[in-house]
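Each in structure tokens, the structures are laid out below.
One chain, chain A, appears in both complexes that follow, with chain B as partner in the first and chain C in the second.
So, the complex of A and B:
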């Protein structure tokens, strides 16, 4: 009787360990692929086989061949080189955007959650207003007002996206603010900034990191969408969204002009989503709890 | 319940004021050079003419006066005149709205038809082949940007197979591709959410109890689990209307669907600020209203919340 329970527990622990190992392996694989992608994008200028901006009308709109694996666009520019250069613009502006909204939102949330009171409710009402605009509507308007340019598109999307992180951080702060260890820190004379950054921030980074990673893909698609509408990166700068917009009129005759950047976005977004899902599996306590509830 | 409705309506006032003030400020910062832009293409125009035009448009007044005059106009449905067509902005917006609402409704309908059965199926066959397959497709759909999907659909269904027209110009066929584009993105998201909701419900103790009492599996699923998860599912869908309203802009301008999204994109290209302003404000108001109705409906339909409030 005793022995079987021990055995069962051992098996349970072992399968749990195996699951954990699998998740960690997945995490490393996706992380490695994302880093590879980031490196290719970062060193695109050195890696490209051709100058992505050099025009040669004699080879315009050529289908994929050995010399040009992804074909050429209507100015005879090599698509592979342009997709690589475009990756630099698209991926790093999406990362910049997520970095900005995560940092800003978290700081606002930390401040509001810890401080409380009137200033907290005022800032939260302001964030309500930003959240009251449906999805891209406000971003389209801001980008339209600011004019074209990838930085303006980043600003437009940052305007509507920071409240999400502010609310998330604030909620987390409220949950741990009244824990005994915070009171102990206060009693021992720690200053507010030290408590917030040393005792609260490390404990709320998990959920914020998960949300931020999962947001990279979405933000990338929205940025590319703005560029596609002509509200983001301006030609001749290579950017996946504007490259696809460029190829719209040649969809019938030269589908590769759209397929190359389109597939690049798809693969990149998918990779970041896979990474985000895995990071969530590693960090999110919610998914860890599930087997516990079953056992009960 | 009445008290709750009152409270929610009261909370709406600062939000609506904020929305209008924010949109107004935004457009105002930009509109300063709108007069310059207006005359850019008509060659050299003297400063006097420009100043006259500014006065005509009310751009020379102090900020707060402009805002209150304009807000009074918004309430009465007078949001100014388009810089481009000289027609009333509000009328133009309203005339394009039905097309967008129609597109939104067909997309939601298709989303419901796809995501609810597949989400349930995925939950019931948890961690089996069907579940993996459905999750795989919803993952793919989640990683595809809308404009890429629409171009792929145009390429295959309009240009290669010639089944549907490329652009939306009348006929039931022209709505198929834009609807499909919007529904693919939404359904991939909602299949996952339906799956999670049903899984959570299946995990509850009453399901275990019903199974232990020998209640048949279909009865457990349809009579208990689905009934209680439907509320969450419907609420999630209703809340997605907002992202859909914003998302139609890209799809509408690709398929030349003559709705408010295309109107907004065109207006931005032509720097027609009153038009953009009307679009932003009305979309936000519609969104806020839809969310309010959803929230009230949720409170009304859920007996746990309703009864608690009545007590």
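So, the complex of A and C:
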């Protein structure tokens, strides 16, 4: 009877180890793909086969060919070059946006969670107000007031997205703040900033990192959405959302004009989401408690 | 079990997708000859266009009254934009201030009441009392009615008075019936509006129409503002005809036996107004180089996909004073570079953009997006101007009025119907003289002022044409405006629809000639 239990546990541990290995392989694959994507976007200016802004009306709306693998748009610009260049705008704007909201939201959450009291209540009510608006509608309104431009779109989306991170960080801080090791730090005379940044922050980065990674895809979609509505990138800047918007009326006559940036958004958002999922699997505290993780 | 549930999921998804696609399909309706229904989708009706409702004495709503066959004006334009009688028989210019108009004797309003001099007088009096543009255009001092004729006396000399009466605001409606709460009116046209909303007008044939019985019993005008939705509505058969399709969609219907297209050149011009308050634009060489660097042919043939004609001056070729009557500098990037270099604009830092006295040759190009062609023009000049060493910062926004007010632009590009009444005066008095409503470039030229003053009082049509050519030539020589292209308007209709023709004035759409032959 005992032997069976031992066997069963061994099998369980083995299966779990296999699962863990699979997750790690997945993580490396997605990480490699995302890094590749980031590199392509970063060096787009050097990698593009044609000038993405050079117009040549004589070759307007040519279907994909050897010379132009993704075809040309209505100004005769090479779609492949524009999609690559657009990646730079779209991906890095989304990363900038997520960076800003994560940092700002986390700092606000840390401050509120640790300080508590009236300031906490006030800031949380403010964040409640932001959360009460339908996100995209509010972003459209903000972008409308600020005027077009990719930076304004980033600002508009940052305005509505920071409370999520503030709430997340605050919740985590509240859970940790009364832990014995924090009390010990306090007793040993550590200053508040030291406690927050040295003892609390490292312990809440996991969930924040997971949320941030998962948010990259969402933010990219929302930025592209604003650009699609004409509130994001301004012509002639290559940006996937505005490129799709430009090609909207040509879906039936020259589908490559809308499909190229559309597929680029699809692939990129999917990659970032898959990476986010995998990061969550890796950082999942439940997984950490499993025996094989502990043994490591 | 897992497989089964997967299969089930797939099956359900398939059913859902099939259901959605079925919903998109069209139901074919068997139309009887007596009860023909014509569904018309247009981008040109609605609150955004300023023409919602059918009251001609309010804003641009008269366009809807005339377009959809509810109201008619005293005179109308033919294909060459020449005057023709409509509800009137003829007119006499008694002196420079007085016009006598003789009305037809056989016209009834759709409520059966006869149209008389008195009813026309009541309508025109209401027009000048309530409308915003009409009093300034017509400058009427008094109206007298005598049987089937009316006499108009104007405050000043108004040579284009009869032309102005062709503007849709001059649609004759029965003032005794008045204007209903839903902005419906009683006109003299072949159709009577049954319901009027901001997005749809449902019309029934006026079987007692003075010009003959309409061939189609019911007409539904639907406002569909999104070009792609309009395209799909046309393809699915939800509508029988349409106006305002995106150029990219037009080719779906060209060379297709199931559809007919009726096209015409209009006087709607895409123009760039250069702001003389800007230090860069003040430089004659910069304006000249800008005019020389605009690829009008490329814009028209490729970006408008041939749905237009490259413009020289403000008026298109179907006017005697339009088309080639005015001469401009041809598209010549190399020439533009030389002009700029001669004026001292040189690229010293090697970034491709010229400088002079430490100032970059960068211009702010303000435009809006509700006319789909304007952003295309902006992006097109952005590329060609760059070749000449001019940087263009495009600001395509529908809140452009704020920027206009703030004066924050070097160029304002817009679309404008230059000769809605077939007469050149309207464009010049609104665009090129001091203090005119749309002189957004603050352009001033003494000679132009003098010529426009002459035009205001000249009655002879030929001399008016000559004056118009001289003024337009001066404006083009000064490069105060750069005219890119005149729009070609197209109606797309199902095969079998007849009597539905695009007119250069853009006023006449649904007439008694409309028919559907299946």
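Brief remarks on what is shown
The definition used in the following text is that the second predicted complex is superposed on the first by the 285 of 296 C-alpha atoms of A that agree within 3 Å, B and C clash if a C-alpha of one lies under 4 Å from a C-alpha of the other, contacts with A are read in each partner's own complex, and residues count from 1 in each chain.
Assume a residue touches a chain if its C-beta (ideal position, glycine included) is under 8 Å from a C-beta of that chain, and two chains touch if they have at least 3 such contacts.
Since we're looking at a predicted model, the values are computed, not measured.
For chain A, the partner that touches more of its residues is B, with chain B and chain C as the two candidates.
Once the two complexes are overlaid on the shared chain, A:128 sits against chain B while remaining clear of chain C.
Using the contact criterion defined above for the overlaid structures, shared-chain residue A:252 touches chain B and also reaches chain C.
By the document's definition of touching, of the two partners only chain C reaches A:53; chain B does not. By the touch criterion defined above, A:64 lies against neither chain B nor chain C after alignment on the C-alpha atoms of chain A. Applying the stated contact rule after C-alpha superposition, one finds that A:206 touches neither chain B nor chain C.
In the superposition on chain A, contact is made by A:75 with chain C only, not with chain B.
In the superposed model, A:138 makes contact with chain B only, not with chain C. Look at A:230: by the touch rule set out above, it reaches both chain B and chain C. In the superposition on chain A, the residues of chain A contacting both chain B and chain C are 144, 230, 248, 251-252.
Residues of chain A that touch chain C in their complex: 53-55, 57, 60, 74-76, 144, 147-148, 230, 234-236, 248-254.
Within the complex, the chain A residues that touch chain B are 125-126, 128-129, 132-146, 217, 221, 224-225, 228-231, 241, 244-245, 248, 251-252, 255, 258, 262, 265-266, 269-270, 273, 290, 293-294. Taken in their complex, chain B has these residues touching chain A: 14-15, 18-19, 22-23, 26-27, 29-30, 139-140, 142-148, 151-152, 154-155, 159, 203, 241-247, 249-250, 253-254, 264-265, 267-269, 271, 273, 276, 279-280, 283-284, 286-288.
By the touch rule above, chain C contacts chain A in their complex via residues 227-228, 231, 246-249, 251-252, 295, 298, 301-303, 369, 372, 375-376, 378-380, 382-384, 394-397, 399.
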